[in-house]
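Some notes on the structure that comes next.
To keep things simple, chains are lettered A, B, C and D as they appear, and every chain counts its residues starting from 1.
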Amino acid sequence: MKDIKFKGIIAYPITPFDENEKVDIPLYKELLERLIVAGSHAVAPLGSTGVMPYLNDEEKLAITKATVEQVKGRVPILVGVSNLTTERTIYHAKAAEKEGADAVMIIPMSYWKLSDDEIVKHYEAVANEISIPIMAYNNPATAGIDMSPKLLKRLLEIPNVTMIKESTGDVQRMHYLKKELGDDVAFYNGSNPLALSAFAAGATGWCTAAPNLIPELNIALYDAVQKNDLNEAQKLFYKQINLLKFIVEKGLPRAIKAGLNFQGINGGQLRKPLQPLASEEVKQLEEILSSLQ
Amino acid sequence: MKDIKFKGIIAYPITPFDENEKVDIPLYKELLERLIVAGSHAVAPLGSTGVMPYLNDEEKLAITKATVEQVKGRVPILVGVSNLTTERTIYHAKAAEKEGADAVMIIPMSYWKLSDDEIVKHYEAVANEISIPIMAYNNPATAGIDMSPKLLKRLLEIPNVTMIKESTGDVQRMHYLKKELGDDVAFYNGSNPLALSAFAAGATGWCTAAPNLIPELNIALYDAVQKNDLNEAQKLFYKQINLLKFIVEKGLPRAIKAGLNFQGINGGQLRKPLQPLASEEVKQLEEILSSLQ
Amino acid sequence: MKDIKFKGIIAYPITPFDENEKVDIPLYKELLERLIVAGSHAVAPLGSTGVMPYLNDEEKLAITKATVEQVKGRVPILVGVSNLTTERTIYHAKAAEKEGADAVMIIPMSYWKLSDDEIVKHYEAVANEISIPIMAYNNPATAGIDMSPKLLKRLLEIPNVTMIKESTGDVQRMHYLKKELGDDVAFYNGSNPLALSAFAAGATGWCTAAPNLIPELNIALYDAVQKNDLNEAQKLFYKQINLLKFIVEKGLPRAIKAGLNFQGINGGQLRKPLQPLASEEVKQLEEILSSLQ
Amino acid sequence: MKDIKFKGIIAYPITPFDENEKVDIPLYKELLERLIVAGSHAVAPLGSTGVMPYLNDEEKLAITKATVEQVKGRVPILVGVSNLTTERTIYHAKAAEKEGADAVMIIPMSYWKLSDDEIVKHYEAVANEISIPIMAYNNPATAGIDMSPKLLKRLLEIPNVTMIKESTGDVQRMHYLKKELGDDVAFYNGSNPLALSAFAAGATGWCTAAPNLIPELNIALYDAVQKNDLNEAQKLFYKQINLLKFIVEKGLPRAIKAGLNFQGINGGQLRKPLQPLASEEVKQLEEILSSLQ
C-alpha cells in the first residue's frame, strides 16, 4: 500500500478579505489556528472553501506561506494548486512544495472540456515537476468536467498521484474506487452530506469546511467509525446533517462566514461577486447552529 | 410508531413464462419457495422484477393467489398493484387484500406526468378502499415521475400509507426521510447498489431481487448491520456489489433468469419485447457468480 | 423516395369520457369532425393526446372503428397501437389495419429499458404482421426511452417503417435525420414549441393537438412555410407560441379539455388519476385564447 | 428600440500561440484580417474561441490593442472581458472601452454558483464604470451557470446591457426572448448547430468561429434569411451543418486550428492543457472540409 499521511478530518479554511477586498493574512492565521486546536487531522488551504480561483498568484503564495508558518508541523498540509493552464498549475505546485506543503490537490479546471488524454498529460506534467504526493480531485460542479472512475484509475498510474477526492455526491463512485483499487489507494470524501455513506464505504478521510463551525461533531463521527460503532456514527451523522446540507446548498465561503459571525468570530469579508447570505438565510443557519448547542 | 411488519430482506420473485409466453404458475411457485426457504424476511410478487406491467388482469390475480397458497403464512406478503388508472389500481388493491396480502406496493405510474395533487388523490382513492397498509414506491426510472421528499411526506398523512420505498439511487433522499419523519415511518431501500449506504442511513429493509441468486450474502449483510458491525457489513457488501450492479444494469428479469440458469435452475422464458441477455453478458454474469462460490 | 401520404397538420383528437369515466364515442365523433372540417391534413386517434395507454383493448378498438366511420376517407388516418408487450402491439396493429387505418404509430413503451436490439425486434415483429406503413415515434418523456438517431436509422431499414416522429424537443435530432436520410424518409415534428424550427429544418408534417383549439393558426403556419415566406411563418408562430407552450406544460388532455370548455364546446371528462386543470391554470389559458381572437 | 450596431455574422478569432506558448500577436493580426476581408459583419476577440480565460491580464490587453489597430474601424469590435471577480471584470471592461472597443461581452463565470442577485450586482458594477454597450452572454457549458430567461430580463433593465447572446443550444430560450422582449432587445445566437433555427426565430446575429474556415457559407446563410428565402437558407444550412457540429464537438480552438492547417494557413499552437486534435479527428475534419469545396 502507498504511504498515507492524510486521514480523518481534513479541514478547509476560508480565505478572509478585509474591507477593501484584500486578503487578510492575520485573520486567516487566526481562523486556521482554530481548526488545528480543534483537533482536525489535517488542513487544506486554497480549496473551493478558500476561494482559490478568485485569488491572484501573489495572494495564493501568501496563503501558502502563512499556512506553513502557522501550522508549524502540527498537522499535514494539503495545498490547492489547480489552474486552467498547465504552466500555472506547475508554477503553484512547485511553490507549494518549496514552501513546505505535504501534498497538493489538483482539480482539472475546465473552460474547454478536456479530453481524458489532455487530463492525463496535465497531471503528468505537474507530477514530473514535484516530489510530494498529488490528490486528484473530482468535482464536476466546480470543475465543469466529470472524471470517470476509469480516468481516475489512469491517473493513479502516475507515481505521485496517490489520493483521490470524490465530490460528485454519488457514493457509487466510491464503491467503484474501493472495489477496483482495493487497498492500493486512499479515497477521500468531498461531499459533506455523504459523510456517513462515505465512511461506511471505506473512505480514508473527509475533506470538509464544516470544522470551521462544528469540529467536535465532525471528529466524533470519524471516531465512531474507527470504533466500528455504526449506531453511534448514524446518530452523530443525523445530528449534523442539516448543517452539512445548509453549507453546501448556500456555498461554503458564504455559509462559513455567516456561521462564524453567529459564533462571535470574525470571518472577514467576501470578494465580489460573492455576496453575504441574505438575512433570512442567516436566520435559518442560526436556527440550525442553535439546535446543536 | 406505526406497526412494522416488513423488515430485513424483502425478496422479489420473477414471473416465469412458458414457451408460448404464458405465465407458468407451477414454476413460479417453485421459484417463490426457494426465496422462502433461503430465509427471506418477506416476499413481494408483482414488482418490477415480476414484470407486473406486462401482465393482464387475470395473470396478476393468478400470481397473487399462487403466492398466498405457497407462502402459507410463513412470511409477510407485499403485492404490487400499481396501474396507470386509479380505477384499475383500486381493483387490484382490493383483490390483493381479499386474497390475503399483508400490504400492497403502489408506484404512481405515469404516462402523462402527474401533479402532486393528482398523486395524492390517487393514493387516497386506493387507501379508502382497503384496510391493509400501503408502501408508496418512488422510482423515477420506471414510473417516469420522481416524487419529492415533500410529496412523500404528504402521502404519509394518509392513514394506511405507512411505508416508503426509495429507489432513486440517491441516499440523500433516505437521509431526508429519516431526519424529517423520525421513527414514525419505515423507509425501505429499493436500489441494490445502495444496500450498505441505506442500512447505514437507517433503512428498515431492502427490497431486492438478489435473493433469487445470492440469498445468504443478502441476509448476512442485514445481520451484520443488526449486530452493529460496520466492518463486517462493509466486507459483505463489497463481496456482493458486482452482482448487485450487474443485475440492475442489465434489468432484473433478464439478469435473474440468466443467473438461475447458471445455477442449474429453470428460470422460464421472458415475455417479449424483453429478450434474454446476450451471450457475452451471460458470460460476464457467470464470472461474477463463480467468484462468489 | 418512399410514398408519403401524411403531411402538413396531423391533428390529434382527445378521447372524452362520460361522468362514469366511460369512453364517450358520440362525443368523440363530434370532436373528431371539428378537426376534419377545420382543414387538418390528417387525423391521429389513440395518441398521447387520446390517452391511449389509459384505455383497455375494447375501448381502443371502439375508438379506431369510430374514427374510420366518421372520417369516411376525407383525410388519412394514423392510429396509435403502442403497447408494453409485443403481442398486444401486434394485436392492435392488425386490428387497426383491418378497420381501415392508413398507417400506425408505434412508440417503444418501456417499463424495463429496452436495448436497441429489443426495440428493433419489436418493430420487426409488428411490421411482419401488417401491410400498412409504420411511423416510429420517439418521445423519451412518455416512453421512458430515447431512441438515438442511429437506432432510428436502423428502424428505417424495416420495409414498412417509413416515417419518424420526433418529440424530444431537440431540433438537432431533426437536422441529423434530414442530413443522414435525405429525401428517403419523412420526419414529423411532435414537439409543439418547435413547430417553426422543425418546418425550417424540413419537417414533412406537424403532429399536434393544437388544432382542437386553434386550427386556423396551425394551418396558416404550414401554408406560410409552403410558400417559402419565412417572415410570415415567424409572425404566425409567435402569435400561437404561448398556447403551444401552455398545452405542453399542462398536459395535452387536460389543456385541450379546458380550452374546449372555454370555447363553449363539451370536452367531456378525464379519466383518473388525471384531473382537470386548477382554476388559476384555466384562467391563464383563457387569457391566452382571448388574446388570439 | 435600442440602437443596434452588431448584426449578421460576428466572427470570433482564435488566439494563436508560438512554440513557447506565448501569444503570437503578428499571427493573430493575420488571422483577424482574414475574417475582416471575408466580409464578417463584426469581430469578437477574447471569446471562448480566443481562449480568453487561459490568458493573463497583459495578454488580454495586447489582444485588445492589436484588434483595434488591425480593424481600423472597418467593422465593429466586441471584446470579451469576463472574469471570476467583479474587480477584474471592471478592469478589463474599462481597458476595452479605452482602447476603442464598440461593446463588451460578459459571461458570469462561476466557480461558486452565483445567485441571481449576485449576477445582477456583478453586471451593474461593470455597467456603472463604462459607457459602451454590454452583451450578456449565457452559456452554462462554459460558465457553469445557466441564466434563466427571467434573469436575462432583469439584466436588460440595466441601461447599457442591450444585447443577449444565447448559447444553451435550446431554441426555446430565443423564442422566449423574442416573445417577451419584442423589438426592444437584440438577441444573438451562440450555438452553431442552431444557426438556422435561431435566424428563423428572429436572431439579430450569429456569434461564430466558423468564419475562420467557411466565411462564404456563413454569410450566404445570413443573406438568404435577409431575403426571406427559407428554402435557400435551409439548403445552405444543411451544406455547412457537419462542419458546425464538428467544431463544437471537438472544441472551437482545437478544431479551428486544425482546419486552418488543412487550408494551408498557420493557426499557431495551442496553450496546454489544450492539445491538438488526434490524427483521426483531423482526418474527419478534412473530409468535411473537402466535401465543401
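By definition in this document, a residue touches a chain if its C-beta (ideal position, glycine included) is under 8 Å from a C-beta of that chain, and two chains touch if they have at least 3 such contacts.
Nothing here was measured: the structure is a model prediction, and the numbers come from that model.
The minimum number of touch steps separating subunit A from subunit C is 2.
Just to note, of C-D and A-D, the chains joined by more C-beta pairs in contact are A-D.
Chain centres here are C-alpha means, and the one lying farthest from subunit C is A.
Each chain gets a centre from the mean of its Cα atoms; for subunit B and subunit D, those two points are 52 Å apart. The distance from the centre of subunit A to the centre of subunit D, each centre being the mean of the chain's C-alpha atoms, comes to 35 Å.
Separating the CA-averaged centres of subunit C and subunit D is a span of 38 Å.
Multi-chain contact residues of subunit A, defined as those touching 2 or more other chains: none present.
Pairwise, the chains that make contact are A-B, A-D, B-C, C-D.
Here subunit D touches subunit C in the complex through residues 169, 171-172, 175, 178-179, 193-194, 196-197, 200-202, 225, 228-231, 233-234, 238, 241-242, going by the rule given at the top. Against subunit D, the residues of subunit A that register as touching in their complex are 21, 48, 51, 53-54, 84-87, 108, 111-115, 117-119, 121-122, 125, 141-142, 144, 251-254, 271-275, 278.
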